[in-house]
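In what follows, structures are represented as structure tokens.
Here come two complexes built around subunit A, the first alongside subunit B, the second alongside subunit C.
Now for the complex of A and B:
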């Protein structure tokens, strides 16, 4: 019963993710494309939930939906002046062909991996308490954890640097 | 479990969500009346007085009027986005109340990460404001939305840091457990240990719910009505409901995390919870009729130069004392 239910839920999350991704890629309006992206992010959060990782799922929503996509929205608002002017240029044949080619790459790589590996569903992983998760991040995985924060720090410092340079030139 | 028995959790959630819906609607009607009365008395006038004794039916009449009004979409607006926004603003309300411990057993769903659940979905409110402002095809709406974004992204950080200080001390994000760790008497509440965190949280909560003096996204005197300028009838009604429900949510979180939740001297129970929530709501009404709206640069400077460093320092000191003490 639970296994069937899990498959149904998994299928619906995958549908949500695919629909969101397609909207993000095809939609002519930038804001609608962003909404597609947000839908995808929600779907991914759902998958985390299905994998018994509620902390990661909620963090996904908190950070990506609550902050990153909002900042993308801000960028759209700053760049475009109104909802009527954000129609994209029609796509050329060349662009369509190239994007389809780009689509082929992950399909071939992932497809061959799946065909060779014969993916089997494992048992549901046990939910790790937040405390243990934190101890793990600051224990055995401390180096990778700190390296990721370093990447974020560099990105932030870069953003500040760019902003200050512009202010100086004016 | 039989082949077709309904899980208890599901029944609990369905009953809980229905109760939440009733609570939110009723509460909004009472709060709007209360706010207008409080505003009136602060400004030395009676407030609503015509409909019913002491105007007590005024908001019911207002609600009926809102329901009856025609829904109008401005020409050139993106219809999908325009109608999505109010719904998106209102839906997360149910999620916010889901892990809320109204009383010893009055919790719809025990969520180990309850606090995080509320904070995660709080971002949807900003998204709704963005979409509303963008979808309306109106400069005022767009300006309101732009302000809303900058404001909520900024004030979300000290808010999180302030709550994190308490989570540090208690080692749990389960709202019921945070209440369990506090005693019945006021000096056993977390506010005594974390007064600065409470102050920061409360200021940020007012800003996050877009209440005066931080109501820049809808600043009536500058932007007509900000992001909801173009909404009529229940389109506006949903935003309105969501705003009042959000106020209750932030006050309920403050009650749970800082003020001992449903625990109180002598008779612990949901009435203590409601009493504290309403007291905080009154505190939220107060500055609206006392202070003028802040300017946008004041708003952001106050956050980045005062609240953020203070919240960070508070968190550091908390961590230090936890480790040493």
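Now for the complex of A and C:
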């Protein structure tokens, strides 16, 4: 019973992810593309929950839906694009061919690798306690933890420096 | 078709859709959205490989948390770059930004 239910839930999450990703990739309006991205983020968070990783799911919603999508919305507002922004001119044949190639290459290469790799799944996923994650973050992986905070700090400071250049100075 | 393969297939779907959109999109903001799709696929793949195999589950979850932090840093920087490009070129299309020493 639970296995069937898990399959149904997995299928619906995959549907949500596929619809959101497609909208994010080809929608003409950027705001709709952003909404598609948010839909995809929620679907991936659901998959994390299915894999018994609730902390990662929560962080996905907090960081991606809460912070990154707001940033992208600021970017959309900053460039003040019109409604026809992304479809004003028809695309060249070269662009269409290249984008289809970029679509097919990962599917063919990685998909065949997955199918032939015979990756064996282990037992049912077990939930890692949050305390253990925290202990890992402050114990053996404390250097990468500090480095990621440094990267974030440098990125924010650099963004402020770039964005607030003085006018007329160039 | 076990669970691990299914999750990896979803990750490949996210990667390929993101790469498609990266070339299909003309505006820088749309390309940023597609990069976020790709990063999400990477995180999903890492967590699936950690949770559904006998590998170290804690390591995979921490790696995905780091990926999320890097994605946030990247989005901030790209936002600043888009703002500068828009100020100089008055557009955010990627094809317009093709001159050096403008």
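Just so it is clear, the second predicted complex is superposed on the first by the 151 of 170 C-alpha atoms of A that agree within 3 Å, B and C clash if a C-alpha of one lies under 4 Å from a C-alpha of the other, contacts with A are read in each partner's own complex, and residues count from 1 in each chain.
By definition in this document, a contact is a pair of C-beta atoms (placed from the backbone, for glycine too) under 8 Å apart; a residue touches a chain by one contact, two chains touch by 3 or more.
All values derive from a computational prediction rather than experimental measurement.
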| item | value |
| --- | --- |
| First (subunit B), second (subunit C), both or neither touched by A:55 | both |
| Partner chain in contact with A:100 - subunit B first, subunit C second, else both or neither | second |
| Touched partner set for A:8, first subunit B, second subunit C, both or neither | neither |
| Touched partner set for A:65, first subunit B, second subunit C, both or neither | first |
| Contacts of A:74 with subunit B and subunit C, given as first, second, both or neither | both |
| Partner chain in contact with A:150 - subunit B first, subunit C second, else both or neither | neither |
| Touched partner set for A:37, first subunit B, second subunit C, both or neither | second |
| Contacts of A:142 with subunit B and subunit C, given as first, second, both or neither | neither |
| If touched residues of subunit A are counted for subunit B and for subunit C, the larger one | C |
| First (subunit B), second (subunit C), both or neither touched by A:29 | first |
| Those residues of subunit A which subunit B touches in one complex and subunit C touches in the other | 55, 59, 67, 71, 74, 76 |
| Residues of subunit A that touch subunit B when the two form their complex | 29, 31-32, 35, 38, 54-55, 58-59, 61-62, 65-67, 69-71, 73-74, 76-77, 82-84, 129-131 |
| Complex interface listing, subunit B residues touching subunit A | 76-78, 80-81, 84, 112-113, 116-117, 119-124, 126-127, 130-131, 134-135, 137, 142, 145-146, 149-150, 152-153, 156, 171, 173 |
| Subunit A-touching residues of subunit C, taken from the complex the two chains share | 2-10, 12-30, 32-34, 36-37, 40, 43-44, 47-48, 51-54, 57-59, 61-62, 64-66, 68-84, 86, 91-92 |
| Interface residues, subunit A side, partner subunit C - complex | 10, 14, 17-18, 21-22, 24-26, 30, 33-34, 37, 40-41, 44, 47-48, 51-53, 55-56, 59-60, 63-64, 67-68, 71-72, 74-76, 78-79, 81, 85-86, 91, 95, 98-100, 102-107, 110-111, 114-115, 119-123, 125-126, 128, 132-133, 136-137, 141, 144, 148, 151-152, 154-156, 158-160, 162-163, 165 |
